[in-house]
Structures are given as structure tokens and as C-alpha cells.
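Think of it as A, B, C, D, E and F in the order they're written, each chain with its own count starting at 1.
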């Protein structure tokens, strides 16, 4: 079998630090043939740095000249939809950065087109590949958790409003802490529950700190142009009577600098994901279990491998197009609920 | 001014350990004249232990013979309504154990009758009198918190299903962890926000562990007759765009034996209540403030004093009849939401 | 069934603090009828303190006047043999303090006579009743440990040479740290292994510190009359290829004030007894399990109950006469090995 | 004085990471002239990496062409004997990796030939050069420990069965955890006692985990070909009444990932070696002494220097041929005891 | 020898909690015959509580009726002088609370009269009897410290302005934190140095917090009548080139609630007194020594015993009249320096 | 504006590691044109390493050939005076290493000449640029500290006598721990107080350890040629009634390896500088404030920038010539006091 030809769309940090290094480690399966960016200079520089042959500022030229098998989309959120649709139309498998899109309807159309074309469309939620997430799945499979009925999912930063990029511009990103950070832990929570659609969704968003300004720990931001939520909370119920509590923040007056975690509550056992601890009964007594030697894995590498497995029709743990559509719909319902 | 005559209704642990000792420390303001219990032997034993003159198994006899000014109601939840209405009808101020009642409509009627009669009806939410709650109010008043927009309120036990009393009998208690434990922290959260009525309420209840049985840390319970929720979660939104996340459990597969806390998030500062820490900006830098010398107060004594202050028309921090009616309505809406 | 009549032989601390309080809590099953001590004044004082009817300085008088069903022997080690033989001769069940005796041959004769007479003879190794020991047995029964192949058993004190009693007099006690402290953890180790007889025994004893004197943490001792070992170490192998490493000390130049523990190594899991931790594999990963809520039990009370159960032919976890004989033989073999 | 010419025999990790770097730092005293390995490619690659002139697959050719003064033997255990005898026959000083050999008789012959030829034969037990070992010797010399009468020596790993090399092949290594790890701490214990020959030796070996397989922390091993002990314990007594308890494991169900330590008990003071603490009496009180600023030394460099000192007849702390023979005999006696 | 008859002058807390309980434990050597207080009711109540025969409001009556051998003076500082002079005039040994007096000249006269009369006058600095102080003296005697050349002596409270007694009234107490707290650690520092007279004294006092008011941790004080220093610092040099840095506070914006300590710096070793640690060189390395088992002694009992030993002419560690005069002079010089 | 031309005088470690790297980072404002050292080889090597054009062993040649605008003086203390005077005479701004000089009179003349010539002379006390010092100034400006009345300033090392350079030679350095380390924290203390001149100064110096020798942690020193103090303590009072306690050591028998800190006590709040904590009252309670996210700044870079700002007449936080003269006078007074 010959190697996949891969084109990178987007010339920013996520391409440079995550996707390209992972793909280069998988050089037995893929070859990166091109980098596209609206800014050709940026595209060329990135291509040079990673010894990639071609660079483009126009994707159509790229498709014409390179005929890639796979496209990796690393652009701002509001471009995911059109670029994915175009890539699928050019018969490419697509590995798209999270979130899937800005609107639920778009994510649905993306999934439908991929399905129709028989192509793989997947989203880059790398936390699924962590040792902790793998162990969670194994515990669930081994019956150590019983029925899971509630999950608390947090991705909180105390003062982590990014001082670079488009993270505070609603027109480009579609939202703030929820759509940028909250999606990661929401994906994990849904994945744990088997990715059901919720019955009811209630949520709230806030922007006091973002609009007031102050000390930042991820650079400085401009409060005057801050147009997204700095924090969001939500609550979801599901047909099987399970529920999720979700919190996400760029900025929140809390103690920790960062708190990214899931707590999974089941009838037989409960899990705190980071660091992984299991709380259950063993030998007739309440027991706390620690796993001190979990492997520290390269989650981007593993997720890129999982995407490639999916392209080849092998079992895969990557976030599918259908899951992405469900996720996007939930995000939209939370924002709608908050806007009431 | 002569002293209030106080009658105790209910001969259980809460009367014996909380209310009577507090009232006896306030002997300059009150005199306990009677103890009533359906079980006269129990009433007599309690009266003897605390050197109280009279004991009754019939409240009407008690009203006739003792003509109390104040009635303290320490009976199971399903009796609060009728006993309070009867006490008000006998022109007594009423200090009623939490929760106010089992049905929202009852709590409303109780508040209306108290209002109509010009009498004080109050509920025993003692945590309001803690140093931590007082300091929270002071921080809010001093502007250290700014606008409060979200509160996480938890009252969780790992395996604390009570092995005594009626705590697991829905007919008598009206519910489980939510109505018994959750009400305490919900009252604090509402009190912090100015006791608004919520816009929307979404909730969920669970009973896997309670119905399965297993190791208990507060005695042993019978899973076969367990008819309440062992845990509940809920989410509330308010007209001013604030929100509350609420969790309560008798049993949950978590690490800590007990986790009773509030996290209050404001535009200028955030507070974790136990132990009290403030997270804010000071002198241009992010700051964490600890208060190592908060006084350890007798919160039952303080709350009984606050009730008496209310009876005398003085400023008071006790939970009022109107607040109790709002609280009861929320509890009912959470149970209704969970039942869908 | 009428109650057992119990006589106490020995008027010291172990009778006063351990056996008599436990027996009094079991007043539905036993009645203490007499206290015997060579010093009649001591016997009378102890009887008065605990409201026991009779006191004696002569055991034969006691047997004649009281006809007890049970005798509890709480005297120095060198008296255990003769007093037990006498008690069995008077058709009494016997609950004897540890160690069984001073010589292996004596312990064997005691076991034979008890067997012959169909009476219960048992030794007071209370640690068997601890929650930790119970949990160890449960883990073993549940297959969590697999085959147990090595046990490290320690009972070490840094400077705990007792400044009272006969603990440093070899003629009376038969030895020092090994026979007084080491027996406790050796009994647990053997109990865990099913009480096998060892193949080989190698040991060593030391008395440098005891004979030099110095700072004491359990009173002051006289180095000039110190005639026992201050520390002992030993190694035992068993027919099934398991082994035990044993250490005991009254005095040792170590960090901790006291280190009493067992480490049990099995093919599937290992246990450290105090505080109880289990080290194993779970869900494919190395796991450490803690049991944070083990009950704090009254081990003397439980062991006295276990003895009574044995008297009534019920299943019991008390140390039997046969086990005591095996234990005593090992102690003797260690001392013989050390004397070479 | 001209420099020693040194030949390296063995092209594995220990040569590459330990011996060659140390020798290169001592370039004023030695010059590495050749690397030998059965695999010439490996020999050449290693020589190139370290800029060594010659490489051989045949040692006789090497002796002929290079005429080294010193040979460093870094091959599997079963080759130590023949290669050392050959080197001595070629009039070379020999620095041999531990253990000395596989059989006690071989180690004895090696020592005898070295003695006969007036050459230095030494073994690479580097821990002797640690600051902790030096301080132990100084404390002993200063009289801070008094008479040393018992040593606990452990080298334990929880799941450290090496997934590379010949560590699990008995034919090549002669044994497992004892001969690979246990020898290090046994050498230290014997060194502390003045390297006496033991009176009695009793030991036991185990292989449950090694033969069952499971999670590994030093790579994966093959349980089907696992032919060595995964753990060993032993007990030794000496003519002067001192004793040693020894434990070694590649795999053991314990908490720590690794536990390599010695506890030395003396009449005046006791020492725990890592981190070094001294427990004694000072100014009439029990005292614990810490030494927070011990130097972190390059123990391989120091041990190679010590070997060179020995070659030149200077005082040296390296493990001598005679000590190696005593050590090897003890290892053999432990294995024999375990095989009974 | 018959027992000493002891009279107590002063009916406050220090008599009730410290002196009388200590004297009662020494009933084989002393008998308390009377309590004197300006407030006869207080004297009588205290006498009744401790079963003391006589009580007086007039000391002359007391001397006439009781003829005590010993007087213990527990009154406010400004009465120490006259009451001590009177007691000596009545041929009594005197055990006087610290500080000796309010003026240096008075302390000198007290010492001279005691000397002239051949009576024992001593001051109650109990910290001298602590295990830590004893160990310090032993370390010094054993040569572990070498020449002592600097001592830091602190007795600091964060918000410990006493809310009772006369502690904030300069007319009665003669000063604040320095004369009440600082004297304790200054006495220890001088005692360690052999009680030399200083060459030079420089000091400073402060009263910002005391005069502003605020939160108190030892009751509430009145800032309007606060007339003493809330903190003091000083520096002393001695003829032998040693020096002392002294700090004392009732109130200081520091972290700890209380910091009472001495650091003693010597040429061979340094000591931190609470908890006692020794910093020195041992076996050629820098060493930190801890003494984990220091006895927790009743320092008042020991100091009262030491006073009685002094009365009988035995060696004693109590603070002598001469030492008290030196101490008082230093206190006066610090206040004078601060007033410049 | 054209760039400043900078000449470096002194070719040691401080030039190489601190000044030159900082100046190179400021290449938009300055250009390093020359390095001078008495040892021309050293000068040339340093110039080569940092790609600086010219090197000299004679400063006059340097002034003639290079005509620098700025001179940075990094020589031993006894050269600061003459080299600064020469540089000012050549119309250069001068950035001089601490301490200003060896004699107070010299520092005064240096300040006077700079003033006369209208040039900037500043001293390199970099700690002023730390985040902690900046936050201290901000807290003071925001009124969080009130009136500052006492400062404890320490710069202590346990065994940090430098084993290189001239640090132990009094003729060259003018003193030891005080003039080398103590000056840093004394500068900070004076800076906090507004750089007042003291009223009174009392001090003491010690050299026991330096002259005895022993274990060193910053290399080995020669006790026979050790001519400076190894430790110094001092006490200063100021006209506004504030005071400072100062300690400095190269060697002291203390626990920590290093203790460099300031404690600032004010009427409203107190600060411990490293790590920065504020102790005050907030919301009516005693509060401890931590600032967990202070930036880790390059203090040398910041101080060089501050010096350049001063040269351009901009507001600057660098230590001025006048402050240096005050500081030098205090150092001299401490040494004089100690010599009495």
C-alpha cells in the first residue's frame, strides 16, 4: 500500500506544534505534500521549517497540483465548515481541529457529506488518547464502575484568556471558553456515556472579567474588543437518566491556575480522571485505588494514528463526524439557553 | 420584659442535642415550659433530662395548659406543615426545623398565615451563623466580590446514608439527600444572591447505591425499603443572569468522606467557603487571601438568638418564612424535573 | 444456657486493663467470680475495683470454693504451664496470656492435656481481631493475593525496654523482645500461612544496648540485671517453599519509636498491614489500594468473644492450643539457633 | 610513568555508558586502545562512537596486536571466568563487572591466579564510592556506631524485570534478582562488617510473577522463557555473632517502585544509608542526625580510579579478588539453600 | 526538717493556675498557709478553691498571724518592689513573679537586702526548666557549641494584646511587650551567656497597632487607654564581643500567631531552641541533629522546686536576685534608648 | 538618538555573566566598544567571547581610543573609587558594581564629582528590580502597609565562604559578609524607608568559622589567610523612629543553606519579601495574602535598563550616587562600632 499524501490547511501554532510533528513521526504511513495558508509567506516558512515540498495560499491550486488523500484543517473555527466541505468534495479524508464548526447545522452537513462520499471526517480531541481515558474505558469494560449516572466535567483557567490569536473574537471563533476549552471535556464525558443526545440543556455564560481587563497569565488581552464568554456553565440530562454538569473558563476567580478534570460517578465505582483514582468497594470495604505508573503518552501522535486507522476502516477511538455533529448541537443549545 | 415561654414539639435527637441546649444558654430570654412527643415516655424522659416541667403527647393539651409564646418544631418533615399551622393558630412564634415542609404549597400557606397573624415563622438553617458565612457577607458588603454570577453548592457524603430515623422513607421525609442535606447549601447560595426566585430549574436524582446496599459509614441501612434519592444534582438560572450548580448526596463513589462547600464566583473576587479563601487581584497582582483566625462559633446558639431577635422585630439573619417558601418551591421543581 | 463462671489468675496490669474489662462487657455470657494472686492484698484490691466477689492467694482454694468453668491466666510466663495444667485438671477452659509457655515441651503437654480433656485452651493474640487482620483474611479468601510466598514480620521499638515488671529477667520471662513482642507478629504470619511447621530456622539475638543502659522511653531499666535479648532476628523456611523474616526489639538504633508491621508478598498481590494497603494489578495496570474507613475495633473484647465461641464449639479465630505449641517450638528453635 | 593501555571486552550498555566514559575522564592515566565484542559490527560502532582506535571480535588477536596493560570485562556473567583467566594469562590487570562469576569455584580460581601473577583483579561494585558509603565508613571509624551486629540489606524493584539483555536467562546469568541486584547491597553489608565469611546461610527464591507475566516498568519480558528467580531472601550469621538479612527482587508486590537500602544497627548508633541518617544518643538524649549536603559523586568514575589505584599498589576501596570470591561463595550457598 | 510555711500575695490567674498548683504538688516540702489580696473576697475564694486555711487583705496582719517562711509574690509589676522589701524585712524567702520590678534601682535594692539578710530572693522565669533549655546547657557543657557569639531572642505575638488585667497600663506594668514577654527570652539569652552585663544597648519601641485597635486574638483591648509599647526591638553588645538581638511584641503584622524562640550561634554549633535542633559538623560533614523524644516537663513545678533548692542552699537553676537586677537594668536601658 | 558607547572595566565573572549579557540584550540603546582588564589576555578572551571589538589593559588608552559614553565597573571593591573618578573625569556615565567603595569618604567624593559633572553614577543593586520589590513598593503606595517602623534584613549563608576571588581578603574587599552580602538587603531596607540617614548604629562582627576552616559549600577557603568577618549583625535607628535589624553571613551554624529575606513591619500590614506574603486585616479579620503568580524577571537586565533611564534623565529605580554614599557611610559605621 502506498502512503497517504497529506495537505495541511492553516499555518498557525497548532499545525506547527501538533499536527506536523505527529505526521512526521508516522512517515511510514503518510507524506506531507503541502501547506496552505491565506498568508503565503507563513505557509512557505512553515513548509521550509518542516521540509515540506509545496506551499499555497489558494486551496484549489493545492488540490489541483497535489491531489492529496488527506487534508488536515488547522484554521480558525469559522473556516472549518467551508474548508471541510471543499476537501470532501475533492475526495479527501479530513482531520479537522476542534470544535467541528460554529453552527450545529454546519457540523451536520459535514457529517452527511462525509457519509455520502464514504470518506472519513474526524475531529482532533486528543484527550481521548491519554492513559487516563484508556484506563477509564478499561475500568468501565471490566465492570468496575457499574452504571454511570452523573459526570462533572470542568476545564477552568483562573486567568488564561489567550493574549494571541482570535480567541476573544466571537465572529471568528463562535464563542469563548465553552467552544474552545469546554468542548474537550464535554467530548470525554459524552464518549464515556456512549455519545447520547441530551434531553434537556440549560446553560449560562459570563463575561465580567474579560470585559474589565486585569492581570493575565497567558499574555494580555484587550477588554474593549473582548466579545466572547470568559466562562460558561451548563447542565445536561439524557434519556437514560444520566446527567452532566459542565464548566469552562478562560478567567474565573478561583484558586488553581488550571483545573481540567472529569469526575465520573457510577453505581459500583467512581473515577476522578486526573490524576486517575478509583473509588469503590473491595473485599467488603470502601477502597481508594491509585495507579502510580500510568504511561505518559504523546496524545497527538496517538490521535493522528487513530484518525489514520479510521481512514483505513480499522477500529478507531477518534472523534467521528457524527459525534462531532452531536457535540456541536449541544454547544449551540448551551449558547441559546444562555442567551435567553 | 418577661421571658418567652417555649414549647418543644418533637422528642428526637435534634431537640435533645441542638435546640434545647441552645435555649437553655439563653435562659435570660426564654424558659422552656414543655416537651411534646407522640410517644409520651420519650417526651417525659427528655423533659427530665433537661429539667423541663411539663411533657405531653397531645399538642392541644399543651397549648391549653402552657400557653407558650414560642413553639420549636423538631419533628419529621411531613409534620412541619400541620404543626406550624396549629402553632400559628395558637398565636405562637414558630422556629421550625428544615426543610420548611414537603410541598411548596404548604410552605407558602405557612408563610401567609404567619404574615397574616403578624407572627415570626423561621427555619433553622444554622450555617448562616458560621464565621465563614458572616465573612462572606462582609466581603460582599465591602465590594471585594463585585457582581456574583455563579455559585457551586455541594453537600456530599461518600457513604453517609443514615442508619437511623426516617431519612430513607420518602413518605415521611419527602425525599432524600436533596431535601435533607442539599437544602442547607441551597439556602446559603440563595441567601448570598439575595434570595431571588429562579427562572429555570433542571435536576436529576439517583438511587443506585441506596437500593444496592453495601458498606455504610453512618450505620447500616436497609436497601429493600430505601425509597428516596441517594444523590441529586441540579442547575438553576436567575433573572439577573446568575446561576447555581447544586449537588447533594447520602452516597456517592467519591474520595472524601464528606464535602460540604460553596464556591462563589464574582466579577472582582471568588470565595471558597470552607475553609474560607478569597481569590482576587490586589496591588495589581492575582492574590489568594486566607483568614487563619476565624472564630469557631456555636452556630445553633447563634441561630436561636437570631430567631428570637426576629420575634422582637430586631434585624435578624434567620431564614424567614418567605425565604422558606421560595426554597421549598425550588426543591419541588428539582424533584419534578428529575421525575420527567 | 447459664453463664460461665470465670476466675482470673494474676493480679497485674494485663488483668486489670484488658481481660476484666472485656469480660465485664460480655456479662450476658460470663460472670467473673474470683481473682487470684500470690499477693492477696493485690487480688482483693483488684476484685474490689471491678466489683468481683471473691479473692484468693491460693488457687486450690479458689477451685474448691468457686468451681469456675473458665480460668484466665495473666501471670508471668514461667507460671503459664503449671497454672494451665492445674486449671485443665480442674476441668476448666483456659484463656492464657501469650506466650504459651517458656519451653516448647510444656506448650505441647498443655495442648495434649486440653485435647484429652476435651477442653478449650487458647492464647491471647489479640491482633488477629484487628480490622486489618480480618481484611487480610478476606483479601486472601477473595483471591486478591494469590500464593503467599514471603512475609516480613517486625515488632520493633527504638528504646522501649520496659522499666517495670519482669520483662528483663530471663528466669521469669524466658527471653526478651522475641518472646514478648516478636510472638505477636510471628503468630499473625503463621496464621496467614495456615500455621505450618517450619523446615529450617535460623536466628540471632543481641543485648548490647540492654546491657549498656541509656535513655529509655518506657521508663528506666537496670543494665546490670538485664539478662534477656534486647533484639532478635530470625529467618524461617516452610515445606511449601514460603519463608518468613522476623525482627523484634526492645531497643534498636532506628528512626521510628515503634515499628510493628507485616508485609505479605503473594503472587497476585502484596499487603502492608498497618495501615492496610494492597499492591496489585487492576484493569491491566499496577494499582495501590487504600481502605480509608477500616473500623477501629476493641481487639481484646473481640478476642475474648472468640475464645468463648471456641469453648462453645463455634467457629473461632482465637489462637488454639495446637497453634500455641507450634509457635512455642519455633521460639525455642530461634533461641537455640542464636545460642550456637 | 607512561599511561596504561586499556582494552574493553564486551560491547553492551555497561561498557558504553559506564566504563568508557569513566576511563575517558582519566585520560591522564589511561588510554583505551581496543574494544572487543563477539559481534564485530557492534565493537566497531562502539569504538567509533568513543574514538577508540581498534576493534576486534577475537580477544587473542586483540592481545597480540594491542598488548594491553588493563582489561575491562563487561560481558554476560557466564563469560567472566574464562575471559578473566585469559586476561590474567596475558599479564593484564582486570577490572571485571559484577558478579565475579557464576560459580564460587571459578571466582576462587580467578583470585588465586591473580594472586599468583601479582596482578590486580577487581570487581565493579560502584556503590562503595557513594558519599553515603564513605560517610558510613567515617562514622564507624569515629566510633559513632560502636559494634555493628545486624544489617538489613535490600535491593527491591516492584516490576523491574529487565525487558532487554540476558537478565531472565539462567544459563547465561546464573540467576536473577539475587545475582544481579542483591550482590550490590550484599557487597556493601560485607564491606561494612570487614568482609567475614558467614557461619550459616539460609535462603529462598521465588518466581511466581516472572512466570506469570503482567505489566512491566523496565520493558516487557517473556514469562515463557523466564528461568531465573524474580525475588530472593536470605539470612546470614557470622562468627562474631553479627547477622545480615538480605532481600532482592526484580518483581514484588510492594508499594515503592524501587527500594535499595541498607540499615546498619550498632551498639552506639544505627544508620539508614539512603538518604543517610544516623540514630544515636547525643548530650544524653536520643538523637537523629541528617547530613543535608552530601556531595553527589560520579561513582563509576571514582570506582575506576580506585581500581587504578589498586593496580599501582596504592590504598584502594575497590572490591578485591578475594572479596569477590567470598561474595560468590555466599551467593552460591543461598541458591543451594533455596534449592533444598 | 519541718515544712516551709508559704504565703501567697496576689489573687489573680498566675497564683491560681501556676504557683498554687505547683506548691500543692510539693506538699512534702511546703504548706500553703495564707492567700493575700487587696480584694479580700478574691483572696477568700482562692483560698477556698485550693483548701488553704487563711486569707487576708492586709499583708502585715498576715505576717503577724502566720509567720511564713516563704512569700510568693504574684501581683502587678509596680507592687513587686515594696512587697518584696516587706517580705524580706519579715525574714521570708521570696519567690517573685517576673519582671523583678519596674525600675532598675529597685531591683538592685531588692538584691542587696536579700543578700544582707541571707535570704533567697528569686524570680519566676520558668522557661529555664524546659527540656530544651536543659539540653542547651548540656550541649554547651559537652563542647558541642564552642564559643557562643550571637543570640537572636524573640517573643512575638501577632495579635496577642491581652484583653484582661493591667497589661496595657504603663503606670502599673512599667511597659508592654518588652517587660512582659521579652524578659523571658532575654533571661534565657543572658543565662546562656553566663549573665554578663552589656557594654552597649540600643532599642526601639512602637505602639501603632495598640493605639489603632482592631481584631484581637487574646480578647479585646481599648486603644484609647493603651499606654505601653505593642512591640520592641533591641540590640546588645557584651565585653566578650558577643551580642544579642531581641524582639518582643503583643501585636505585629507577621504570619505566625506566636513566635517564641532563641537562636544561639556558636563557633562549633548553632541551636534553634523550639523545637530543639543542633546545626554542626559531624564526621566531617555538615549535620542537623534532632532530638525527637524530649520530655514534656511541668516547668512551673520544676521552677518552684529550683527555688526551694536555692532556699536550702542547694545548687539551683532559678533566676537569682543578682541576675534579676542585671536584667532589670537592661530593660531600663532599652526603654531609655527608645525614648531618645 | 545615537547609541551609547559602553566600555567594561574588569574581566571577571560579574562582567561575563551579568553586565555584558544584559547590555547585549539592549543593543538598540547601547553598543559595547571595549573591555579593560589589568590582564590583557583575559580582556581579549572576554571580548572575543562576546564579539566586542577592542580590549585594553590600560584604561587611559581605552578612553583615548574609544571615547565611551558609559563605563561599567566590575572590579574588586578597592578599585571602584579611582576608576569611577577617572571615568567621570572622562565625562562618562558610570554604572559601578556594589558596594560603592571601601571608605565612606570615597563614596561621598564620587557622588559629589558626578553631581558636579552632571553625570549619572549608579550602583548595581539588582534586587530592587525583582517582582517582589516592585510589589512591595506598590503595596506601600496603595496604603496597604501604613507607617513602616521596623525592618529585619538578612542575607545569611550556612557555609558559603567563596572559595574563589578576593572575598576573604580584607585589603582588597574592605570586609566580608557585610560588605559583600549585607549591602544588598540593607539597600532594599533603606530604599523601602526612603533612604534616610540613621541616628544611631550599633554592630558586631565575627570570624570564628572563617578562621577555623571546615566543610564548605561554595568551594574551599584557606582559614590561615582569612582576614574578613564571616558574619555581622547590626541595629540602626532613624530620626522618624523606624529601625532596622541587619544580619549577614558567609558562614553561620544555622539550618538553611541560605536565608536572604526582608520582613517589613508596618502599622497596617507586614510583608515577608521572599516568597512575598502580606499580613494584614481585611473585611474585619486577620488575613494572610499570597501572590502565587509573580513574574520571574531578569533583574540584571532590568537594572541595566534602569541605569540607562537615569542617564537619559527619565524616572529610574536604580541606586543613585547619593544613596550609595549614605549606604557606604552606614557600612563604615557598623565596622567602626564592631571594632570598639
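Here, contacts are C-beta pairs under 8 Å (C-beta built on N, C-alpha and C of every residue); 3 or more make two chains touch, one makes a residue touch a chain.
Everything quoted here is computed from the prediction, not taken from an experiment.
Two chain pairs are in question, D-E and E-F; the one with more C-beta pairs in contact is E-F. Averaging C-alpha coordinates per chain and comparing to chain E, the farthest chain turns out to be A. Mean C-alpha positions place chain D and chain F at a centre distance of 51 Å.
With centres defined as mean CA coordinates, chain D is found 42 Å away from chain C.
Note: centroid distance chain C to chain F, computed from Cα atoms, is 69 Å.
With touch defined as above, residues shared between interfaces to two or more other chains in chain A number as follows: 159, 215, 217, 284-286, 288, 292-293. Taken together, the chain D residues at the contact with chain E in this complex read 135, 138-139, 142, 144, 278, 282-294.
Chain F meets chain E in the complex at residues 146-147, 149-150, 158-159, 199-200, 202, 204, 206, 208-209, 212, 214-215, 217, 231, 233-235, 237, 241-243, 245, 247, 252-255, 263, 265-270, 272, 277, 279-281, 284-286, 288, 340.
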